[in-house]
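Contents: one structure, followed by commentary.
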Amino acid sequence: MPPQITTSPLSRPDGSATYTDALSTVLAAVNGPLEVSRRDELPSEATLEIHVRPAAGVGGPRERWLEAVLHAVLRSVVLVHLHPRALVQVSLQVVREPAGGGVGLGKGRGEVAVLPALVNAAVLALVGGGVGLEGMLSAVLVAVGGKGELVVAPGVEVLEGCESLHAVACAAGGGLVMDESTGRFDLGVWGEVVERAREACLAAFASKGEDEAMANGDVEAEPWMRQVLEEKVRDANAWREST
Amino acid sequence: MPREAEPSNNAKAFLLQALRENVRLDGRAFDEFRQIDLSFGDEYGVATARLGKTKVMVRVSSEVVKASADRKFDGVFTISTELSPIASPAFEVGRQDQAEVLLSRILEKTIRRSGALDTESLCIIAGQKCFHVRADVHVLDHDGSLVDASCLALVAALMHYRRPDFEVRGEEVQIFDPREREPIKLSMQHQPFCVTFGYYEDGSVMLLDSTLLEEQCREGEVMISMNRFGEICQIAKYSGEPVDAMSVLNCMNVALEKVKVFDKLVKAKLEEDEKRRDVGGLMAELSAENAR
Amino acid sequence: MSATILLPGEELPSDSLPKTKKGTLTLGPGLRHIPPTSITATTSGSISVDNKKSAVWLENTNGRYQPSTGDLVIAQVHHGSTDTYHCALTPQTPFALLGQLAFEGASKKSRPHLLSGDLVYARVSRAVKGEDVELEGFNSATGKSEGMGQLKGGMVFEVSPAFARRLMMGSKGGVKILEGVGEKIRFEVAVGRNGRVWVDSGNVRTTAAIGRLLTSSDENAWDVEEQEKALKKALKDMS
């Protein structure tokens, strides 16, 4: 099932989106470019500020780690040099995550499992907020089951019995921009995981008839991200059609 | 340091002139709330309240902790309010805004100190183990009346939440997974709600459910919390111009009417949600068994 | 026929370039040029072309107002210094500068005295990346105010920048509210590209009603029929 997206659910931020998949729900809000504090000002590019807020409790080391990973990922697509001495603020609110923060999932798994949702929500909000991007980007979670089988975008049941978990994000050219893994796996498995993940990521915003994954008639490979964004543009221009 | 943008002189003057002529910018009556909307999440204890554009989500969760030494027969209940840039870019992470202090103070007084949640029922073994119930208030969109909306969402979330069931065998405590045993509702003693009155023109105009612009232009505010029986939990008036005692008494009567509306709304929505969950008629089956 | 939609990073197809031989190509919002020959999108939007002006841009409703030279805006004075006013165009962004003498007929001795919180209808005279935005309260080429200057009284309403742009397009923008109300009632209006509309009808009730029509039309994306329906009802209430 493709992820469920709501574009612009909030009124105050410049761009916002909610992203829901089988495991998590994340609400993202983007503001920018804004005035930046002297302390964080960069002379030649925009400062990218990321806040991750957990569903329950206050943010701790776990959230700081997620922020650090997201900063590196988003920094690679946001055209920061377009807005020197400005601030682009990305706030992410986790609304729902698997097993309430990884309680039943073992150490480190909950964090990795929620990463793809955070990345996807942030990208959708950035596009909605009109922040200049170098290109598209999407992320996906891959689980390796007990028998070595790969599951793309797994459900909670798969998550509990899996050997390893991989959160992978790919940019439009196919370049790997995020790879966070946890569990036991070897290089061969990891290579396979990355290949499958890359396919799934690129399929999210592939244009019709362009990508091979589409030709295979794979149901999972529906370009959901493209559909959502195109829908929004069409809605925004609807008044043009009627006049 | 980011700040909420001040309204222009034109807007302030216009708003006050309009109030003198009995007009609100959005066309509401002075004591009329914006459209109230309350919804629950898929999980227990997640409630979202909307007042016009203002949107607050509350999430209630619990864990088992060691009981505190000085309150042996009590569980722990905490409310956390942290305003983030999601609500408005004027809120900064790690810096307590005045709105945040106010919100947490009022919620604390309205819900926690009024004993809305029976903390004794959260005790598992006296002096050793108890539940720690925490409510996280997430303000998602800020267009005024944060306190009223948060209070509504918080009460709804508490009533919606189910804590895991447990069994005590001697010193051993077994906590059941929700899949093993049906989780249990929290025991609430009453349901308090907060109603904020913004006043203008030396207290001659009282507004309910102010928008952000109305809040920025007001002379002061009186916050009244009570339950549907009219039992007052707190009255707060922290700043602004002095206000006539008689008009505060008048406010209380108005507040009671509104609180009754809130109370009905929460109960109706909870019932709706229960019906939605109870697709297979499992609840009916269980209660039928209990009756025997 | 719907126009081609691009996502960030996608290249502009060469057949959607404007079909003019002379003049230089102008790239509008949402596009950037990567030397030597590719033009890519920076956000999502549909391709729009103006052959006469040899311009191409992405049409979208995304995000916050970005100042660009020639835009008419409603600025709010934050504070003044010796010879400039520092004005806010959108919240939490750096202030734009408005010269104290940049008004019609202003001289050292007679010039408008603006206070913090006052509104000015102004034109963006300079918007360069990385530098402060500059405004002017008159047309500096002709020395005439052309409708610009301080906005006194009335009320300012917040709408989305995209909606403000449609309002400025007049009848082509698909918003009939201002015209519709104007047929029955006299009022003054100033639309700023930064998502602010100033309205003054001299009557509080009427001004508020016009503002409500505008903001709800923006928020609910009313089409022409819905606008006319709401307009009729509002006009009835006003009279």
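By written order: A, B and C. Residues from 1 in each chain.
The definition used in the following text is that contacts are C-beta pairs under 8 Å (C-beta built on N, C-alpha and C of every residue); 3 or more make two chains touch, one makes a residue touch a chain.
Heads up on the chains, UniProt names are A = Exoribonuclease phosphorolytic domain-containing protein; B = Exosome complex component RRP45; C = Ribosomal RNA-processing protein 40.
Small disclaimer: the values here were computed from a predicted structure and weren't measured.
Asker: Which of line, ring, star, complete and other names the graph you get from chains that touch?
Answerer: Topology of the interface graph: complete, with all chain pairs in contact.
Asker: Which two chains have the greatest number of C-beta pairs in contact?
Answerer: A-C
Asker: Between subunit A and subunit B, what is the separation of their C-alpha centroids in Å?
Answerer: Their C-alpha centroids are separated by 32 Å.
Asker: Roughly how many whole angstrom separate the Cα centroids of subunit B and subunit C?
Answerer: 39
Asker: Hunt down the residues of subunit C that sit against at least two other chains at once, touch-wise.
Answerer: 92
Asker: Touching at least two other chains at once: which residues of subunit A meet that condition?
Answerer: In subunit A, residues 11, 31, 34-35 touch at least two other chains, as defined above.
Asker: Provide the list of subunit B residues touching at least two other chains, using ranges where the numbers run on.
Answerer: Each of 2, 89 in subunit B touches at least two other chains.
Asker: With touch defined as at the start, can you tell me which subunit A residues reach subunit B in the complex?
Answerer: Residues 10-13, 16, 27, 29, 31, 34-35, 37, 51, 53, 55-58, 89, 91, 93, 95-96, 100.
Asker: What residues on subunit C touch subunit B, complex-wise?
Answerer: 76, 88, 91-92, 115, 117-119, 151-156, 198, 204-205, 207-209, 211-212
Asker: What part of subunit B is in contact with subunit A in the complex they form?
Answerer: Within the complex, subunit B contacts subunit A at residues 1-2, 41-43, 46, 53, 55, 57, 59, 61, 80, 82, 84-89, 93, 134, 136, 138, 140-143.
Asker: Would you tell me which residues of subunit C are touching subunit A in their complex?
Answerer: Going by the criterion above, the answer is residues 2-3, 5, 7-10, 32, 40, 42-46, 59-64, 66, 92-94, 129-130, 162, 166, 172-174, 219, 221, 223-224.
Asker: Considering the complex alone, what residue numbers of subunit A touch subunit C?
Answerer: The contact residues of subunit A facing subunit C are 11, 14-15, 31-35, 77, 79, 82-85, 127-136, 172, 205, 207, 226, 229-230, 232-243.
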